[in-house]
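There are two complexes below, and they share chain A, which is joined by chain B in the first and by chain C in the second.
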Partner chain A sequence: MSTPDYHIKSYCRISNGKISKNGEVLFSDDSEEFPAFIKAAYKHFETDYSKFFKMDNLSKLAFIGAEVLLKDNNEENTALVLSNSASSLDTDRKHQNAISDQSGAYASPAVFVYTLPNICMGEISIRHKLYSENSFFIFAEFNPHLLSDYANDLLETGQANEVLCGWVDYDKGKYDAFLYVIAKKGLLPFDTGELTKLYRTK
Partner chain B sequence: MSELKLELKEKIIEQLNLEDVSVDEIADTDPLFGEGLGLDSIDALELIVMLDKDYGIRLADPKEGRKIFESIDTMAAYITANRTN
Partner chain C sequence: MNNIYLSHNNIVSAYGFDSASAVDSIKNEVSGLSLVDDSKILPNPFYSSLIPQDNLSKAFQKLNPQEDYTRLEQILLVSLANTLKESGLELTDKVGLIVSTTKGNIDVLDADSPFDENRAYLSELGKKIETFFGFKNEVIVLSNACVSGVLALAVAKRFIHQKRYDHVFVVAGDLVSQFILTGFNSFQALSELPCRPYCKTRAGINIGEVGCSVLVTKDEDHLVNESVRIIGEASCNDANHISGPSRTGEGLYRSVVSAMNQANIEAEAIDYISAHGTATMFNDEMEAIAFNRANLQNTPLNSLKGYFGHTLGASGLLETIIGMYSLHSNTLFASLGFQELGVSQPLNIITETTAKESSIFLKTASGFGGCNTAAIFQKVNS
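Moving on, here comes the complex of A and B:
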């Protein structure tokens, strides 16, 4: 399906130890563990935001993806429409382990606040001062059709001027992110076939 | 008391994930919230949990934390006076 009035303005892929923007690799790292990889990326992009280190892994992944795309993007009315398969399960599990430990039984407030997947959009909104619409969907796999319909509706009804969409999935050390900005003008046609192709290019 | 203050600084850095802060950079009188270390409301909850877990102090009213957590000095004084372990 094609929506010719809009375009893919930019896109970011984070997987397999690499971070790319518009097909160009910006950062790669051999770290096998996600925390080391994403921390190295944070340093590489010279991000000065100490709250990054308090985030859970899903939020760190989404934050860096958004940083790549929104750092020099001045559109304030950018909606966020993200999705994944694992929801916040990785952090949910940490919280569950803490509260089911009968010997200690101390839940961490700092862990508990990340037991929802949409918190990562809150982190992006705070960082980029966005007061825009946002939604988070759980799919079995990347679903460009529904995300495109939703983004199109936001743009057509004037609820957003641009939309940061995509897939940001983290569980048990495995990570996969594909984020893209939909706008009036851009690099590529806003087309679900194109999105699927870009997503599969790891 | 100085040992306790050092211990508190180390715990705060570790448990609150203050990645770019070292023990030497936290003065005993520095405000922990606001312009000092810049801790937030979730950090305050973590500190309340830490008082309970590590020092056996349960705050009956979380609002008490405002004075207790003003600085390392005030935290150390409160813990010294009220700790049960």
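Moving on, here comes the complex of A and C:
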């Protein structure tokens, strides 16, 4: 299903040690572990933002994806509509390990705050000064149909001028991000078939 | 824009297993909070409102389950079964399902849980609800911190507006668990006494649990006496801090103004505010600033946290359902626990159950990640 009024303005894929924008590989790294990979990406993009190092893995993944797409984006009313399968389970397990003994005495607020998937959108909002709509959905797998309906409604009702949509999943060391900006003008038609194709192109 | 309504509803709570039991207790200013001594959750006793497991099991067995379900699944299924039955709707391909939760079955991460850890995936939880009733469409799980419950109504509205569905059932719930309590305790956010939203003596939150559900529909043939129309909604991020509310109430202020614009009303048109009011120092102060900026300082306002505690991903839906009954009965419910104003800006806190002709109310919520949601509802039957 295609929406003629809107386009895919730009898209970013992060998986398998590579970060690409609009199909072009911007960064690749053979680090086996995600923390080393994403730290190398942070340096590669010359990001100067010390809060990055306090973030959990999911937020780091979403943050770098948003950096790639929003760095030169001037649209203030950009809504964030993200989704994944594992929610914040990576950090949930850390909090669970901390509370499993000593009656929870080792619980840390710095960990606990990241036990919500939408925190990564808070991080992006702070970084890019977006006072905009945020919604985080959980699906078994990337669902361009429902995300597109939602983005369409935000755009058609004027609640947002652009929408940063997509999939950002971190679970048991595996990472997978596909983010894209929907706007009036852009590279490609805003089409769920197109989105599925771009997502599958690793 | 087409009219979209809230209709059949249910609340499973410490008060009972229907909305009426909760509404009647609130009308009589009876709190559902009590002292809980459970060292598996916290070493020290804490105030909470819990759904009694015996009653839950009995209600759940009536649904004739064919396999084992977690406590949260039982709560959600009991609530939704009731709303589905009342609605009499057939589950066609035009009927959607939204599950609103922050942590879902997070208790299965505990080594003592009899359930597989996979049950902690929120899509697994959603699938259990979807297949139990035989929904034709894939469940949509929304997990957006403490605004989830009210944001889920906006989400339902948008999917109906996009013609994906004609009706959406929204079900919301979160558990009182060691995971949650130890987390809030690490923030030193828990009150040792029943919470006192907006009060000078407030000392933090209580966490409570409910399951609740509602039918969101575009069809005027499926309404109930307490039905309301969604006339405006908006969500705006603070873009300020992931765990601390904005000092200027930025996101909440913007959400309220944007929702009023969408509803095409001024502040004076709002008869009542069902606010978030967690009773932490910073949250309540932030709300007072935002409501003053939006010129709502004289509008009667309550927080329902003194009745249920903070019910996390359910709270926004729970409090909206109570608001529906508040409008329908032309009654403002007391903000339980409040004694003396303890925020820096004026607010018109409802101190006792009061009769007032009302037709429009504003529901707000704010949460970690800097998220805020405002939604405005108008009574259908006068």
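One rule holds in what follows: the second predicted complex is superposed on the first by the 199 of 202 C-alpha atoms of A that agree within 3 Å, B and C clash if a C-alpha of one lies under 4 Å from a C-alpha of the other, contacts with A are read in each partner's own complex, and residues count from 1 in each chain.
Note that in this section contacts are C-beta pairs under 8 Å (C-beta built on N, C-alpha and C of every residue); 3 or more make two chains touch, one makes a residue touch a chain.
This structure is a prediction, so every number in the text was calculated from the model and none was measured.
Visitor: Clash or fit: chain B and chain C on chain A?
Guide: fit
Visitor: Given the superposition on chain A, which partner contacts more residues in chain A: chain B or chain C?
Guide: Ranking chain B and chain C by residues of chain A touched puts C first.
Visitor: Have a look at where A:Ile99 lands relative to chain B and chain C in the superposition and call it first, second, both or neither.
Guide: It touches chain C, and chain B stays clear.
Visitor: Using C-alpha centres in the superposed arrangement, which angle lies between chain B and chain C as seen from chain A, in steps of 10 degrees?
Guide: 80
Visitor: Considering only the touch criterion stated at the top, classify A:Phe53 as touching first (chain B), second (chain C), both, or neither.
Guide: Touch partner of A:Phe53: chain B, not chain C.
Visitor: Check whether A:Phe45 is in contact with chain B, with chain C, with both or with neither, and answer first, second, both or neither.
Guide: neither
Visitor: Can A:Ser108 be said to touch chain B (first), chain C (second), both, or neither?
Guide: It touches chain B and chain C both.
Visitor: In the overlaid three-chain picture, find the nearest pair of C-alpha atoms across chain B and chain C and give that distance in Å.
Guide: When the complexes share the chain A frame, the smallest chain B-chain C C-alpha distance is 7 Å.
Visitor: Where on chain A do the contacts with chain B and the contacts with chain C coincide?
Guide: In chain A, positions 104, 107-109, 113 sit in both the chain B and chain C interfaces.
Visitor: Would you tell me which residues of chain A are touching chain B in their complex?
Guide: Within the complex, chain A contacts chain B at residues 50, 53-54, 104, 106-110, 113.
Visitor: Going by the contact rule at the top, pick out the chain B residues touching chain A in the complex.
Guide: Touching chain A: residues 16-20, 38, 42-43, 45-46, 49, 52-53 of chain B.
Visitor: Which residues, counting only chain C, touch chain A once they are in their complex?
Guide: 1, 39, 42-43, 102-104, 106, 109-111, 120-123, 126-127, 138, 140-145, 151, 155, 158-159, 161-162, 164, 178-179, 181-187, 234-243, 250-251, 254, 258, 262, 367-371
Visitor: Show which residues of chain A lie in contact with chain C when the two form their complex.
Guide: Checking each residue of chain A against chain C gives 80, 85-87, 89, 92-93, 95-96, 99-100, 103-104, 107-109, 112-113, 115-119, 121-123, 125-126, 128-140, 143, 146, 149-150, 152-154, 157, 159.
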